[in-house]
Amino acid sequence: MSEQYPALLVVVPLLSALVVSVAGWVNKRLCFPIAVAALGVTAWSCVGLLLRVLDEGVIVYKLGGWTPPMGIAYYIDYLNSLVLPVVSIVALLNLIANKKGIEQQFPDKTGPFYTLYLLMVTGLLGIVVTGDAFNLYVLLEIAALTGYGLLAMGEERAPLATLNYLYMGTIGACFYLLGVGYLYIVTGSLNMVDIAGLLPPLYQSKAVLAAFIICMVGVWLKMAFFPLHAWLPNAYTYANSAASSLIAPLVTKVMVYVMIRLILTVFTPEFVFTTLAVSDAVVWLAVIAIVMGAVLALAERNLKKMLTYIVVAEVGYMVGGAWLGNRDGMTGAILHIVNDALMTLCVFMVVGNIVYKVKGYAFEDLQGLFRKMPFTMAALVIGAMSIIGVPPTCGFFSKWYLIVGAISAGHYGFMAALIFSSIVSVVLFFRVFEICYYEPFADHHGHDNHSGGMDEAPVSMVVPLLIVAVILIVVGLYTGDIVNHVIQFAIPEAMV
Amino acid sequence: MGKQEEEGLGSKHNTSKAENSDQGPRRRKNFGHYVVTFFIMFGVWVVLSGKFDPFHLSLGVISCAIVAYLSADLLRPSIRGLLILLVRWIPYLPWLMKEIFKANLHVTYLVFHPRMMDLIDPKIVKFQSKLEGDLALVTFANSITLTPGTITVNVSPDGDFKVHAIDKASGEPLPGEMEARIARVLGED
Amino acid sequence: MDNIFLYSSLYLAFLMVLSLVRAVIGPTVLDRMIGVNAIGSKTVVLLIMIGFLYHRMDMFVDIALAYAMLNFLAVLAASRYFQKRKGLYDEALYR
Amino acid sequence: MKIIGLIITVTTGALLFYAAGDFPAWSDPASPASTYLSPHFIEKTMEETSVPNIVTAVLADYRGFDTMFETAVIFSAGVVCFFLLRISRREDEEPETRYYRHVLTGVTIQLKEGHEIPPSADFERIDSMWTPPDLIIKTGCRLLIPFVQLFALYVIAHGHHSPGGGFQGGVILGASVILFAISHDLRTAVRRMSEKLIGILCAAGVLIYAGTGALCLLLKLNFLDYSALAGVLHVDPITARSHGILIVEIGVGIAVLATMIWIYNNISSAGRYRQGL
Amino acid sequence: MIWPIDLAILTLVVVAAISALMVKDLLGASVLFGSYSFMMCLLWSIMGAVDVAFTEASVGAGVSTVLFVAAVFRTTRRTRD
Amino acid sequence: MNMETIISIKPLLAILVSLLVVPILVLSGKRPNVREACTFLAAGVKFLIVLSMVPVILNGTQIVYTIAEVIPGVALKLRVDAFGMLFALVSSSLWIVTSAYSIGYMRGLKEHSQTRYFCFFALALSATIGVAFSANLLTLYLFYEMLSFATYPLVTHHQDHEARSSGRKYLLYIVGTSIGFVLPAMLISYSLAGTLDFSSQGFLAGTASKPLIGLLCFMFLFGFAKAAIMPFHSWLPAAMVAPTPVSALLHAVAVVKVGVFCVARVLTGVFGTNLLFSLNLNVPIIYIASFTIMAGSLIALSQDNLKRLLAFSTIAQLSYIVLGVGLLSPKGMTGGMLHIAMHAFGKITLFFCAGAIFVATGKKNISDMIGIGRRMPVTMAAFFIGSLSIIGMPPCGGFISKWYLVLGSLQAHQMTILFVLLTSSLLNAAYFMPFVYKAFFCRPEDAMFENKVQEAPAFCVVPLVITATISVILLFYPQPFLRLARMMVQSITGV
Amino acid sequence: MDIMNIIVCVLLFSGLFFLTGGAVGILRFPDFYSRLHPAGKLDTLGSFLAMTAFALFNLHHFSLGALLTSLKILLIVVFIFLASPTATHGIVDAGVRAGLAPWTKGEKRR
Amino acid sequence: MTDLISMVVAKYNYWIYITLMMIGLYAIIAKNNLVKKIVGMNIFQTAIILFYVSISVKKGATIPILEHGHGPDAHHVVHAVDYINPLPHVLMLTAIVVGVATLGVALALAIRVYNNYNTLEEDKILAQIREK
């Protein structure tokens, strides 16, 4: 069975999405167990794949039994075998944590919600695992469409924000598609590895250059890289918490993965960093992204929106790291995909818990929460530490690699931006902590609650949150192993 | 009024005619409809498919069964209706074609006439038809639309016609011969 | 014979331009619908003609048939709009 | 915004114009796209899958995985439209007033919330904006719809030999139901094809596709490798591929049919399922 | 591949696209967008992409126009651009 | 130098003891007795663990334990050497005392959120021991940051407006400098040398140009803002809003000493004496330190609030240690390291006294305390001993360290520094002695002090008596600390 | 050029002629209702004639398949004859419901 | 000059696709009405489809459906030059489907927006949001 893991990890969520959809019409209570079971199996096969890749190296899975340039193939190498478990585990934990919230918000539509959720996970896992440039586009759209659906169910402003996201997302996906078309017209192939093999004689071609630029712009649009980030904050802020805590950690990160995949596998680092001499400009763009993200976050009086700007800044980290063009920077970027997914999940889950209990996430709603929801806030502290970059939480170590990469690339602006954003994150989060810590709990309901008894979110929400918080630290402690055994092999030898 | 069941490709079922409506909103499903629909559909299938190997024919059988299941109550055909169709429609068609031709020539003449604006004189003609039954009315209305410079604007289920005529000459002969012919075709004379 | 078809189809394309002019200039939505409907009917003919130009008639008939069916649907839908929403305000009034 | 848009557009356009200079000339038979992968498809499809329509073969077999997700995209669009728009009666903030029309006389009855007429053949539930369906359109569509449906099924069944296939057939089939809803009434259309049925069909279509793939997986071959079905269908592997393609196309057809109707129902009634276009 | 018709239709397509965007009425825009789809369908069949043409015919002419009209029906026809 | 090393989990245990006690404290929130018993137990166990390592260290062996290899080439690694041992010994022994004192203080004032207080106290202690035992810069940084964040709730314990603004200031300085200076400096060092492990001769030698090394040196010096070297000192007076035991432990012992410890560690372990000498980097360091000493003492002169006075005194005294290390002469370094211990015991006594006065009378300002010696003679006697230790007068341990510093400055031929040391001692006397005089010999203005002797609760008084006694004892028996400091200096300079 | 081709050409050209009439008519006629006349009628007949021409031409190389294809083309014709008046009626009905007044003689062109 | 003309004609499809794409892109960015933006989005998508289909065209080739259908006689030699490249068609079928799906979702969202704000003009909606 284990040789079928690559298929399983996409097929299981897809099939279960369909089954859940049917179950939604038959008996709503079946939806949640099916979804959890499916994601559990998926996570299990992802971890199994990671172990297999560690044992055997790259795995190729031929879909439909056709050999790669003809048919579609999955390539599971060191890069995506690392991202896969993250995606599936984040999805699983978030699903468990948000069961109550989903039932509270969509009592009638739990079936469709779980369906979309599973389809989204399918899409994301597929994006990560596929080895075919066009297949990636289709999966991109599946993830995007379900994402629109999930995000649009929220506050009053959610549909408009999502509609803007839809426009931008469609442009992004279409740009990617166009880039693939440009590659296709000059190489005649759609398989990533195959294209990489056919490209070297064409490095000087204008079409390849344009393909690269268009693909990158498309992917940047999707990941909300700085000048193209305008859709993200609103879309994530006004969405319901179950959706935003799935999408915020995963979508931008998976898109960064796609970018790294394109750089490393399709266009090859040689072309990107040697033939094209734009990496410096992109890193400066990333610097602006980080600084702008941090500054804009500073201007917000609203926890969730603040976090969305942090997401924007984090995208800057990863893009900048990847474009530094050296091994350390790339390691940092890949590591940060993992870490940022986890820590964004952590903070957004915290917001989910707060929304569940307090029904708001503006700063005024947070007063006295340390007393009211100590466990949630403890998780927030750990998540914040990770975002700030305090050892031994994992955020520190990816930042470490990014800065080391910046130093060895001689790009001190990027280093300064990283440090600046860390300091700003300190300010951001301690501002939140201050409010949660100092302000007396503002009692919305009139009756005397001033003794400040605990009023924690349900256990089913808190336990996954604490698990995530612990994972943040554990991943931090195992960074060395991750780098030594996985990431090191994910980056081609040619990169120094 | 007793023969609405056998009326060509459609019964005279009409939602506003009390005496006709013995089924209410949910139309009664008649087994005969299914069978006849199936065979009509199978005939069309053969024309469409053009493949006579068992595999495709069996696919055709399945498809026709599905369509019959889904839409027999829309088509509501009957064998007698089909026969009438064959016997009476065929003679009507050449006449209709001739009329259409004439009408088209007329309109074309108008279109290309340099002083077209002087020639045309649109107006709405109203008249009462003695035809009954949906199918007859619709056939009549569509025939009017296709022929001499006239377009059916509105038909009430009782047979009140409103027709837009492009010039005087087009509107005058209505209802005229066409109605009579249609009445004959659909057995309403 | 191919040439005849080729020039006929070019001529049809020209006729489509004429219909498109009506669709573009309006002035009411209904006029546009007439224009679009006319384009549709010409397209059906043109499709079959392309089939002849490719010498693969049997492949193009299906498309033409589907096209005729669905063009009808679109026009019907647009005209249905006026059954439920009364009043013909037009773009001209809201300039 | 207009200026920004113009700048972005012109920049993009300039880049693309610049890059188009390096393209092989249009319709050049020697371009890489025509010489690298496609000759294999064109020359080997008949041997390997026994399907003359190369597009169908590539779509459903060589790149069947793409198509599975394409179907899933459609499915998810349906679910998203439902999820976004559908307002169940419980959530509906508008007080519900029911309208009934006496079929025989055409008299309309208005009932305030909570009152209901016991189901009877004489009364038809209608909506406040109900307009009597036009006689000509109604009759014309009534006669046309079965043929449209037959044609749609023909398109699905003959995807191997002529253009078309599951997707196109499904859309036309869906369009026939939409045509019914337009020419009659949304409520009548929903009565003929209930929401639950549509929802289940929608999932079932994708399930047929993915299930076929998973069946291949269970039969010890790779996902979507239809030749695994040879044993089940009692045919040789190549014919099994052909049949597998057909099965898959049927799945696509069902999914697309249901989704199109679902999306239309939700959009045209804004989720209330009362008053359609 | 019949290039003269191809050229003619391509030009028409651009006109239809621009007019669909210029019309100051959403219903009109949807209708014109329908005609844009027709021409695209023609274009595909001229280029020999029969399956694409079929899809475009069924989707563009049939469903997407209807969806547009339905959405306009549910919202408003008014627009300022 | 060829050091023997043994691998043992003991250092990790020493850190984990106080970390693991945190959940127990949280769970026992409703039962103060259990909670405090646990705190005591943990403090005792920790002290015993540390103590059990002393003989090993004195034998010239190092204890090493690797927790995890977080980055290839850089591990989370603990190493116990003489210097770390010295610091760990001071802080763990003082935890016991402070725990006792805290219990008295917190119960005496019926403070809120005591559970939280004890939790973070334990956490801070873990971090302190962690800093002491760090084997490389990364581990050091980890525990340093952990300490910063663990002390934040302690500093802002009162949760009022003043606490809030002080907390902000505290964080801004501490975390801002550590992220802004230490982190990049650390990473630059890493990318230069490829390692972060402290070694006795430093690892940066020969890897970079002089300006870069100089820059790094100052980034580290100012980056460890807990050392309160001017101009990054003003968090320290602000942080005095914390409850007194917190000030006592953290601002006399843990936090500030961690700062200077880090500076000393980095100067010796990263740069190494030879490199500093060869680049003449020690000169600016000692001048900055001297400036801080003088300025701190002068500002302290003008303070009326007792705790603020102590804070500025601390700023000045910390720079002694930096100065001692910066002299780079063996005697000077010995003096600096000894001063960590000596100043800790002296200063903690002073803070305890200030706290005891606050508990017993509620007074904060010196001007309100005239004649207080009549009411609280024991406390004030201890205060006197503590201040003698700070000034560096003979019956107390402070004398030894100052003596070594003076010797060191002579050894390094820095006559200016000698002058600075002497002047500052005079200044120390000038701000402590008037208060002691007024406390004992002036007529009290406040009628409260006329009554008979009424000391603070026993939990408060006993600890300060103990620390005062130790201060005195250290003069006569400085052996463990002196030997540890000498071993350290020997390993660095070879003398 | 055999006789069949001539017939085909004649049919095709007459079909094109009517289609031209339709295209010009919807441009020239003064108002919506009168434009429907050419659109509804001339296009239908034009398509019919052209389709017939194609059906005949397709029979040139006679075979069963060709016959069926021709039948299919005729099926399209049938379909157009059913659908076109219905669509025309739909549009005109919309015009009436929208309240569009018909053009009368002497008015300006709309 | 003749070079230019021949280049213009030889890549006419590509120029038109770029033009259409620019039209669509401009509409998405600059149009104020949400439904207009959706129209622009669809034009944008079709432009890309046009690009792909243009890739597939091959001079002197016929549509990619083998002429001699089913059965044992099917296995005669097929020359790749005779048939248009089918691969882009396959891709574009998928892209069209994705386009319809996106269209449906976008329209659903537009209806939601309209229900909330009672207008489809973006600037008016933003003004309403600002007022709150």
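For the reader, a short list of remarks on this structure follows.
We just call them A, B, C, D, E, F, G and H in the order they show up, numbering each chain from 1.
By our rule, a residue touches a chain if its C-beta (ideal position, glycine included) is under 8 Å from a C-beta of that chain, and two chains touch if they have at least 3 such contacts.
A quick note: this is a predicted structure, and the numbers were derived from the prediction, not measured.
Under the touch definition stated at the top, chain D and chain G share these contacting partners: B, C. Least step count on the touch graph, chain C to chain F: 3.
Comparing chain pairs C-G and C-H, the larger number of C-beta contacts belongs to C-G.
In whole angstrom, the spacing between the mean C-alpha positions of chain A and chain H is 29. Centre-to-centre, using mean CA coordinates, chain E is 11 Å away from chain H.
Taking the mean of the C-alpha atoms as each chain's centre, chain D and chain H sit 18 Å apart.
Between the CA-based centres of chain B and chain H the separation comes to 39 Å, rounded to the whole angstrom.
For chain A, the set of residues that touch two or more other chains comprises 134, 138, 141, 145, 148-149, 152, 159, 184-185, 190.
Those residues of chain G in touch with two or more other chains are numbered 24, 36, 44, 65, 69, 72, 75, 79, 82-86, 89-90, 93. The residues of chain H that reach two or more other chains are 12-13, 19, 21, 25, 32, 54-65, 67, 70, 87-91, 93-94, 97-98, 100-102, 104-105, 107, 109-112, listed in rising order. Taken together, the chain D residues at the contact with chain A in this complex read 15-16, 18-24, 31-38, 40-41, 61-66, 68-70, 72-73, 75-77, 79-80, 82-84, 86, 88, 90-91, 196, 199-200, 202-204, 206-207, 210-211, 213-214, 217, 221-227.
Listed in rising order, the residues of chain C touching chain E in the complex are 6, 9-10, 13-14, 16-17, 20, 23-24, 26, 29, 32-33, 35-36, 39-40, 43, 46-47, 50, 53-54, 59-60, 62-63, 66-67, 69-71, 73-74, 77-78, 80-81, 84-85, 89-91, 94-95.
On the side of chain B, the complex with chain G involves touching residues 44, 47-48, 50, 100-101, 103-104, 107-108, 110-112, 116-117, 120-124, 141-142, 145-147, 149, 151-154, 164, 166.
Taken in their complex, chain E has these residues touching chain C: 2, 4-5, 8-9, 12, 15-16, 19, 23-25, 27-28, 30-32, 34-35, 38-39, 41-42, 45-46, 48, 50, 53-54, 57-58, 61-63, 65-66, 69-70, 72-73, 77-80.
Contacts from chain C toward chain G in the complex involve residues 1, 4, 8, 11-12, 15-16, 18-19, 21-22, 27-28, 30-31, 33-35, 37-38, 41-42, 44-45, 48-49, 52, 57-58, 61-62, 64-65, 68-69, 72, 75-76, 78-83, 86-88.
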